[in-house]
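Order as written gives the chain letters A, B and C; numbering starts at 1 within each chain.
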Amino acid sequence: MGTYVAKRLLLIVPTLIGAAALVFVIMRVIPGDVALLIFGGEAGGQIDAKQLADMRQRLGLDQPLLVQFGTWLWGILRFDFGNSLWTGRPVIEELLIRLPLSLELAIAATIVSVLIAIPLGMLAAIRQDTWVDYLVRVVSIGGLAIPSFWVGILCILMLVIFFGWGPPLEFTPPWIDPWANFQMMIWPVVTVGYRYAAVTTRMTRSTLLEVLREDYIRTAWAKGLRERAVVVRHALKNSMLPVITLVGTEFAFLIGGLVVTETVFTLNGVGRFVVDAVAHRDYPVVQALIFLIAFGFVVVNLLVDLTYAWFDPRIRYR
Amino acid sequence: MAAGARRSFALSIFVALAVVVGLAVTAVHAADTPRRGGILLAVIGADPPSLDPHQESTFATLQLVAPLYSTLLQTDPYDYPKVIGDAASEWKISPDALTYTFKIRQGIKFHDGSPLTAADVKATYDKLLFPPAGTRSVRKNSYSAVTSVEAPDAGTVVFKLKFPSASLLLNLASPWNVIYPKKYLDKDPNYFMKHVMGSGPFKFKSYTPGASFEGERNPDYFVKDRPYLNGYKFFISTETSVRAAAIRSGRAYIEFRDLPNAEVEAITKQLGDKVAVQHTPMTGQWGIAINNMAKPFTDERVRKALTLGLDRYTMGRVLFPLASLKDVGALLRPGTEFSLPEADLQKLPGFGKDIEKNRAEAKRLLAEAGYPNGFKVVLKNRNVKLPYQDFAVFAVQEWRKIGIEAEQRPLETAAWFADGRDTGNFELIVAPTVEASDDPDTFLRRYTTGDPQNWGRFSDPGVDDLFSRQSRALDPAERRKAILQLQKTVLEHAYYMPGLWWTRNVVHWTKVKNYVAPPNHYANQKLQDVWLSED
Amino acid sequence: MATNIELAHASASATLAPRRSFAEVAARFVRTKPLGAAGAVIILGMLFLAVFAQILAPYDPYVGDYGLQFARPSAEHWFGTDEFGRDVLSRIMYGARIALFVGFFASFIGCTIGALLGVVSAYWGGRVDLLLERLMDILLAFPQLILALAIASILGPAVQNVVIAISIPVIPRVARVVRAAALSVKENVYVEAVQALGASRRRVILQHIIPNVTAPYIIMLTAQLGAAILAEAALSYLGLGAAEPTPSWGLMLSGSAPSYAEKAPWIALFPGIAISLGVFGFNLFGDSLRDALDPKLRKG
């Protein structure tokens, strides 16, 4: 096990450096220039070449690309992601303001999705190819088919048109005012949760179906055990590993995938921060965010793999 | 500037502002005694890049911090564009118009308790006019006539000019030029990008980037008994329908920039007389820059055909309910002192009312220029919904009728500036002009050779000459003549294609009293007189 | 957003499906998978609209009637008109073209490149495999939408760029699955036997490996098709998709439609239903197809 862990850890390094390089390159290829953008605005603005050159120099954009990349990598190692070119504040500071909201949303949505998905998935598997199965699948596939921004907009509009009610406009952490927090987060959580429930429901259904066909389950049936006992005690337990894995990986993706939801509900989270930063050509912010999201993903993946290896020794020797 | 000119200016815009003034009168008089207290809750559509108005040109910065600062002069909150004092109590202009002397009000204190003196005003304007390395000053060209700012004593500031500047007073009333304390500027000229230290009616309370901005009452404000409010709070939301919903649900009381008419209708339908709408014209125009350096637009006939193909009068009818774009005009706001009179305007290509005749003429010109079957062209645009997108969609539809197939290509703000303003990498590009006042210098400088705002990259010595003549003209009649001639020249040669002049809807709950919307979303944002009749 | 784990899981065993004639398979599919058949009907309907849009659409989707803005649904305009007086039904019909174009090409390009890389990676193994795998790892670490967002803003908004932006994040996901499938084939006794008999590399790949990775490839293709249509809508919403006045479904939903939700709900309602139904059809079909191609899940 020890060598396997070491090998896996070693493999992470090139992946992360590669990810860093890719992010860096993407950000430099995007047309548009933050120095120019900073001078922009609705009223235009009057600038001359010297001011522009000064600004580039101040932002460090006049350095050769390799030097910029090196500086950045060195910064990462010291957990220093530089300052936002747009606001001038440290990237970490900006990120910490927005992270709690995204984390809460992702965690709550994951919980909601699991609560919906596992019972539904079980139901569909046990009653495969009956109307129950069809209904569950239609509902869950529907969750994947409806554009989430559309649901979000409809949701906000319905509430205000029919009840004259709108969610609070500012995030309050749950430990300060749980009620205000609930009022704001409930709609996006349900929207995102439903969507992810769709994925998990399908997974639960298909793994459970597979397990239900295994020999030992047939034996359990043959022993004359009651259906509930078979499904809950034997099948569910054995089909949970892939589902938990899925939930884990989805969670890692969720943080980065909140872009649209956060935009619709105007939540000041990490996802929207990425979109804004891309639009502002705020290199350090985009680089840091995408890198950190990739980092999170790689770590979760590693944990998942290690868990698998722990359970299934064959993997270690491949 | 002669007082007579100012009076006639005020008179000429009276019609345009009648609605606003009417509202102001109701607001001031129907409102018995102002009530103290309460927090004004507002929504705003963008997050500021920094908090320093000297360095920014977006309303997102100005609306948030304007209540925290004083300016040297200001436009009258009840009577735009009348210039009145703020930190300056009175001023004198020398007969040769080359020396401006301002008396600074006594007893103004910054929020840290230190007094505001002439030295602070000088430091502020030195930063604006002669920006130190590493800082920027986006409007410094408006003050190109000024050679120096001096503070002979603590209560006097003197501006020295190398040539007369008719626009100077209005530019010194610019809401962007907030006064900073000198000692902070000495430490770091970029201090105010991230910090606030002013002398305005409100003090800084909190700012969460992307979410909210708060100010609280300044008990030591130099105007007695002001402000009325205990504080104000802006919620930042980039989504138009979310901002409208926030007003409908009462989570916010006002949106200071603009809400589209469809939203306004829905809000008033639901809330009835609980809300009021102030509809004002805007010191902003939506038009299209033509790249005069690129083929086929080097040919004046092609440029003329494009502008002839736009049915501006129908456009105003169609786009007003969608995007608040309304009035047909030339390069200065219709109905103001220096705008082109209706009769002159209609003689210019694309401004005649007979659209069929215009289209026939456009086709004839295209054929003459060698494009009898029209051509394909890319119209670049900014990917902001209102009013950029609707404006472009209309133009694209119109040009189809004269055989020009235009493809709209919306770009992110960064790329839009890069292509339009900086590299000239475009054929046609939507290029609006939105400014903080009707000042002709500010609006017309962009049509001169080599100006960074001259996106169309044309050069006409006649226009350059007319611009500098009007800029220095002390006689309003002489100035007006040069300005009208300049506008005619630009439009006759179709160097640039104006579209429509913008208007705005400021929607607020009627419990918000004493706010009069000026014709732009930059001026009158200090909120010192605003009060709430209930919480 | 079908996940790779889910798909890898399902398709690992999919390669073993025995072959039958198309008619037989289709008939059986309809009988045993009524939901899948419903999905197929929706897809065919969409295809029909897209192909015959020019004949079927009652109005020009690009040119509005300025006298008829915000018209309610009526006999002349079944789905009403939008803010420029354009016929919503005609725009939805032309929109089917764009949705299918983006959906098909994005998933086709992404899946094909991914599948090729997967096969190469599995077959050559060794250093090639290691390198490709790391590359795929890197790409996989980026959230799909964010990667598409970055690519779309590099390329600028246009339909063909949207296709590229959506297809790139698909590559590593497909490569993974196909590599796994190809590996299991490669290690099969009969492939080893064929190689021992002196079959050329090309022949092994073409005749033995490619046919056996077809099932996971098709499964991924249908799964990604629906996802690509949704991704196009999301990019349009974020201002990076097709540009007005192109009748793209995503664009019709976003834009200023929410502002007119009360005055003219049909402007946003019908395109929303069109997208949901289209994606629903592809997902339904894809899901059942996977069940059908995966012998382990087959009943009795």
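Keep in mind that, in the parts below, contacts are C-beta pairs under 8 Å (C-beta built on N, C-alpha and C of every residue); 3 or more make two chains touch, one makes a residue touch a chain.
All values derive from a computational prediction rather than experimental measurement.
Visitor: Edges wherever two chains touch, nodes for the chains themselves; is that graph a line, a ring, a star, complete, or other here?
Guide: If you draw each chain as a dot and join those that touch, every dot ends up joined to every other.
Visitor: From the Cα centroids, identify the chain that ends up most central relative to all protein Cα atoms.
Guide: A
Visitor: Between chain B and chain C, what is the separation of their C-alpha centroids in Å?
Guide: Those two chain centres are 46 Å apart.
Visitor: Could you grab the centroid distance between chain A and chain B? Build each centroid from C-alpha atoms only and quote it in angstrom.
Guide: 40
Visitor: So the centre of each chain is just the mean of its C-alpha atoms; given that, what is the distance between chain A and chain C in Å?
Guide: Whole-Å distance between the two chain centres: 21.
Visitor: Enumerate the residues of chain C that touch no fewer than two other chains.
Guide: As it turns out, chain C has residues touching two or more other chains at 153, 156, 258, 261-262.
Visitor: Multi-chain contacts only, two chains or more: what residues does chain B have there?
Guide: Counting only residues that touch two or more other chains, chain B contributes 241, 412, 415.
Visitor: Which chain A residues sit where two or more other chains touch them?
Guide: 30-31, 153, 157, 161, 263, 278-279
Visitor: In the complex formed with chain A, which residues of chain C make contact?
Guide: 1-3, 5-6, 9-10, 32, 34-35, 134-135, 137-146, 149-151, 153-154, 156, 226, 230, 233-234, 237-238, 250, 253-254, 258, 261-262, 268, 272, 275-280, 283-284, 287, 291, 296-297, 299
Visitor: Give the list of chain B residues in touch with chain C in this complex.
Guide: 240-241, 244, 260, 262-263, 265-266, 269, 314, 317-318, 321-322, 381, 383, 385-386, 389-390, 392-394, 396-397, 400, 407-412, 415
Visitor: Using the touch rule from the top, collect the residues of chain A that touch chain B in their complex.
Guide: Chain A residues touching chain B: 30-34, 36-48, 51, 54-55, 58, 86-89, 94, 97-98, 153, 156-157, 159-161, 164-171, 263-266, 268, 272-273, 276, 278-281.
Visitor: Help me check something: in the complex, which residues belonging to chain A touch chain C?
Guide: On the chain A side, the touching residues are 11, 14-15, 18-19, 22, 26-27, 29-31, 128-129, 134, 137-138, 141-142, 144-150, 153-154, 157, 161, 199, 202-203, 206-207, 209-210, 213, 242, 245-246, 249-250, 253, 255-257, 259-260, 263, 274-275, 278-279, 286, 290, 293-295, 297-298.
Visitor: Quick one: which bits of chain C touch chain B in the complex? Just the residue numbers, please.
Guide: Going by the criterion above, the answer is residues 62-64, 66, 69, 83-84, 153, 156-158, 239-240, 243-245, 255-256, 258-263.
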